[in-house]
Amino acid sequence: MYKIWAIFRKDLIIEFRTKDSLTSMLFFGIVVLVIFNFALGSLHETIRSAVPGVLWVAFTFSGTLGLNRLFAAEKENGCLQGLLMIPADRGAIYLGKMLASFIFMLIAEAVIFIIGLVLFNLTVWAEIPYLLLVFVIGTLGFSAVGTLLSAIAVNTRLREVLLPLMLFPVILPILISAVEATDIILNAADYRALKLPLTIMTAFTILFGTISCLLFERVLEE
Amino acid sequence: MYKIWAIFRKDLIIEFRTKDSLTSMLFFGIVVLVIFNFALGSLHETIRSAVPGVLWVAFTFSGTLGLNRLFAAEKENGCLQGLLMIPADRGAIYLGKMLASFIFMLIAEAVIFIIGLVLFNLTVWAEIPYLLLVFVIGTLGFSAVGTLLSAIAVNTRLREVLLPLMLFPVILPILISAVEATDIILNAADYRALKLPLTIMTAFTILFGTISCLLFERVLEE
Amino acid sequence: MIEVRNLAKHFGRFSALRNLNLTVSDGDFISLFGKNGAGKTTLLRILAGLSRPSSGELYIKPSRQAPSRFIRGRIGYLSHDTSLYMDLTALENLRFYARLMDVPANAPALSERMKQVGLSGRERDPVRSFSRGMQQRLAIARAFLHDPDILLLDEPFTGLDSSGGDFFKDYLASARAGGKTCIMAIHDFRLGYEIADRLVVINGGTIALDIPKSSLNYEQFHEKLKHLLA
Amino acid sequence: MIEVRNLAKHFGRFSALRNLNLTVSDGDFISLFGKNGAGKTTLLRILAGLSRPSSGELYIKPSRQAPSRFIRGRIGYLSHDTSLYMDLTALENLRFYARLMDVPANAPALSERMKQVGLSGRERDPVRSFSRGMQQRLAIARAFLHDPDILLLDEPFTGLDSSGGDFFKDYLASARAGGKTCIMAIHDFRLGYEIADRLVVINGGTIALDIPKSSLNYEQFHEKLKHLLA
Amino acid sequence: MSEKSQPRMDIVLGLILFVGMPVALYMALIGAPTEKTMGDLQRIFYFHVPAAITGLTAFALNFVASLMYLLRKNRWWDSLALGSAELGILFFGMVLITGPIWAKPVWLVWWTWSPRLTASFILCLLYAAYLLIRKSFEDPDRKAVIAAVFGVIAFIDAPLVWFSIRWWRDIHPSPMLETGGLAPSMRPALGICVAAFLILFLYLLRRRFYLETMRNKVEWMMRRIDEV
């Protein structure tokens, strides 16, 4: 348990020192927003219906970037090799890394979301708890699969290509549900419709979390 | 002169072998398109006016990615250091790298554009020469500044953040003109209006190219 | 005890190891010699469980298979790479690995380690700013934090200055006195002969010589090795 | 001729070099000794023009400033890093650098180079699949493709096996016979003494000893160095 | 070497195909009745649907083989997984080609993001990624493990993709085979085409398998040559 924590903490310290992942995650996310805004400049009245999609594009981009970096950092000096030699369940490495990517993504999402609000002129005080729920579940699912897949990708030559290539199709159900749920929250008032996408997201997250945790041991090994 | 060519050729061989930059450039570009398409799914009639912006977002993203990789590859074993020791004008390094990024971007843009046509249901046979002109000038400007800035960024710790952070504001005039020009070609029939954006793009490209070539020597050096 | 039977490792059509047999008893101190590309690193990585053999059997007491979680805690592997995080300080690196290896991770204990490898005073500097030899020192401190029973060393003296080399020789001597097992890939004939009590030469991916040190004096050994690796 | 006057290099509040003076005549063969972190690499990088001194003057005949394009063509720098592209084959690496260094880049000439460093037969394998020593051999071939007048060597024997070491010693001997200048950072006292004709010790970022080899025999030198670096 | 290059089973399958394919073609292009509204255009149906069925079968087989590999660590399963993934992409590629060809005249667009089309596209992407993973590992054992892991995830993902996009209205017709809406006169042709495609799949799979074993053997022999 505290090993999970140790791995998480280490990523946090490195991040705190270099500000590498978070800044680039934020930056890409914000750029997506800004350019979307710019591209949709002429369609101001319809913008609200595009916001959920735009937000999740931004989240996905920044998340993929973050995941890539989180494992690339382990490669630099053969650090992953050091990790593989520790006398601990490799599940601990998985959970530690997943926790780190989850937290980083949530932070990035929060900032991106706030900037999105400003850019798109939205006010959403009442909806925040619901949005939070959707963001947390969606991000959890994302980092559950993402961590496994980036552990696969990091050992290949095509690392930076392979991660999105594997991740996006796999993550699509959760992404679509998340966009749908966000859309319902922002644009429709009928919160009962939330049930379906939220169920799908949750089922997906649990399913992939379990599978990933089980398969992780097989995957980590050079 | 043949040194420029040697540097370009080397990047080409590496690319051919790993398919690293191009695949990831393409992938990100296409993903931008697809997700835009999703996000704008409900606005089918207005989509055509958003296409130029969307295209250039995709180009910019994939280009930034490509630039980052092109210089990151030089860092791996201190290869940049090897390059710095060669008895040649450092302008040759600049031009070789610029050529490589220019060609990679053009290839990526061509593919992204074709996929964009399919996704957005456009037919543009007659407009292709004009579009090609805009793409070539825009890309030239992009890689002229981009190469300089990524040479700066690669030596910093915050490499992947710094490049877009510096590049996007600098590139904005070219980007806006390019979107403008593409919009005119795709949506308005009056090609005379092309003159202004094209002039701006060309002027910026020449300006940036000259300045970058002059400043490059100062920048490369650890 | 480590037992390797009929080990082979192929990379595509290239065989890095083939038909390799080796039995290491507890307490053996082995120097592993071999030309560049002979397969020393490949063998050590397989023994450390970081790479899977293409065929053959690997048996590390008490488990009859690739090193499990329990075995991993008994192995200390010092590779060509340092396994250090460049953006953490020296102390943070040690603390991180100490936590993962179930070793006391308090600052005094770790500072003591730093002192042993001659890095005291640089605890709070990021590893990125360390010179090559300083990184190697820290890598040594890291790899043996958990006082492993089996030492797998891949050219451990790389980059060390004379005092660093002396320290590490002392460390190995005390490990030997403590009954540890050690396999060390090394190019320096004299140093390798001096430290080991068993001399193994790997050539063309298989064991070409495997003798106790007592059977040859240095000059004879040097002659023989020169001849083998010519 | 290389002349260094009052050189200093600071990293933040830390001085890696300070008050360093050194004059190297054409044809000097210098072994540079020093503890880990003494500043050897820092000095070599400055001499190679890869790093800017914080203060002081650097003078490499005939230009009174940091190495210009002309000077760069006369320097061969072998660093801790190999400067090789992992995804290119050995031959492609050499060909690339040969083109940039205005050296014939035809396959036979380059294969000859590969053969010299004992890598013939591996020309078409990607460098990523090379063992450490093989990479070092290729790095040597690369760094001296253009037959430079001034050799700056940073622990060049790292990872080389005995035949690789012998080859490189021969190479240095013939370079010396050809009147080249060489500055080599090295930790192995015996080897450094053997190769050089001038012995320089750097300590605490400044020159602590600078004597011709003829002034001390090996035992005296060893004593002195042990004492200096204690 | 004792093995014949054409095991008897393959010869039999080959013969069946040699006869069956022309029959299937005849049934599809001439034998089956012409559809009322779409005319001859509808005959794409006899390629589109069998290809889809075969492709899905192949992916399912890949899932089973991947799972078995993870449990049994037997290289046989890995070869099976590889072969079925490649053929799955091949057949599904046919769906993705015949579909748009059909769609352009019927729906007036090449492509829309309707649920089934999206799901098909994603499925193809997943297995393209699967093949890419296989290409980017060199160590055969590692490759097999990683590919199996991804094979499992990919197939579990497929139904999820399917359901998660259900709430969009779908321009793609719902499968009439299930609802029994297919005209009885079209059934024999469809049946024969499906059978022919499945046999073709089986045949190609066996050949692919054979190729893989040959490759391993050649590699082994090359190593022996190097050793001598």
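In this document, chain identifiers A, B, C, D and E correspond to the written order of the chains, with residue numbering beginning at 1 in each.
Basically, a residue touches a chain if its C-beta (ideal position, glycine included) is under 8 Å from a C-beta of that chain, and two chains touch if they have at least 3 such contacts.
Source: prediction; values computed, not measured.
Q: Kindly list the shared contact partners of subunit A and subunit E, in label order.
A: For subunit A paired with subunit E, the chains in contact with each are B, C, in label order.
Q: Any chance you could check whether A-C or C-E wins on number of contacting C-beta pairs?
A: A-C
Q: Roughly how many whole angstrom separate the Cα centroids of subunit D and subunit E?
A: 59
Q: So, what's the distance in Å between the C-alpha centres of subunit D and subunit A?
A: Here the centre of subunit D sits 47 Å away from the centre of subunit A.
Q: I'd like to verify one number: the distance from the centre of subunit B to the centre of subunit D, where each centre is the average of its C-alpha atoms, in whole angstrom.
A: Whole-Å distance between the two chain centres: 39.
Q: If a residue has to touch 2 or more other chains to count, which residues of subunit A qualify?
A: Correct list: 18, 157-158, 161, 165, 168, 176, 221-222.
Q: Among the residues of subunit E, pick out those that touch two or more other chains and give their numbers.
A: Each of 142 in subunit E touches at least two other chains.
Q: Please output the residue numbers of subunit D that touch at least 2 other chains, ranges allowed.
A: 80, 87
Q: What is the complete set of touching chain pairs?
A: Per the contact definition above, the touching pairs are A-B, A-C, A-E, B-D, B-E, C-D, C-E.
Q: Any idea which subunit A residues touch subunit B in the complex?
A: 18-20, 23-24, 27-28, 31-32, 35-36, 38-43, 46, 49-50, 52-54, 57, 60, 65, 69, 157-158, 160-161, 164-165, 168, 176, 179
Q: Note which residues of subunit A are touching subunit C in the complex, please.
A: 2-3, 6-7, 9-10, 13-14, 17-18, 73, 76-79, 81-89, 221-222
Q: Can you check the complex and tell me which residues of subunit D touch subunit B?
A: Those in contact with subunit B are residues 48-52, 69-70, 72-75, 77, 79-88, 92, 96-97, 99-102, 126, 142, 146.
Q: In their complex, what parts of subunit A are in touch with subunit E?
A: 145, 148-149, 152, 155-158, 161-162, 165-166, 168-170, 172-174, 176-177, 180, 196, 200, 204, 207-208, 211, 215, 218-219, 221-222
Q: Where on subunit C does subunit E make contact in their complex?
A: Touch residues, subunit C against subunit E: 10-15, 18, 51-52, 54.
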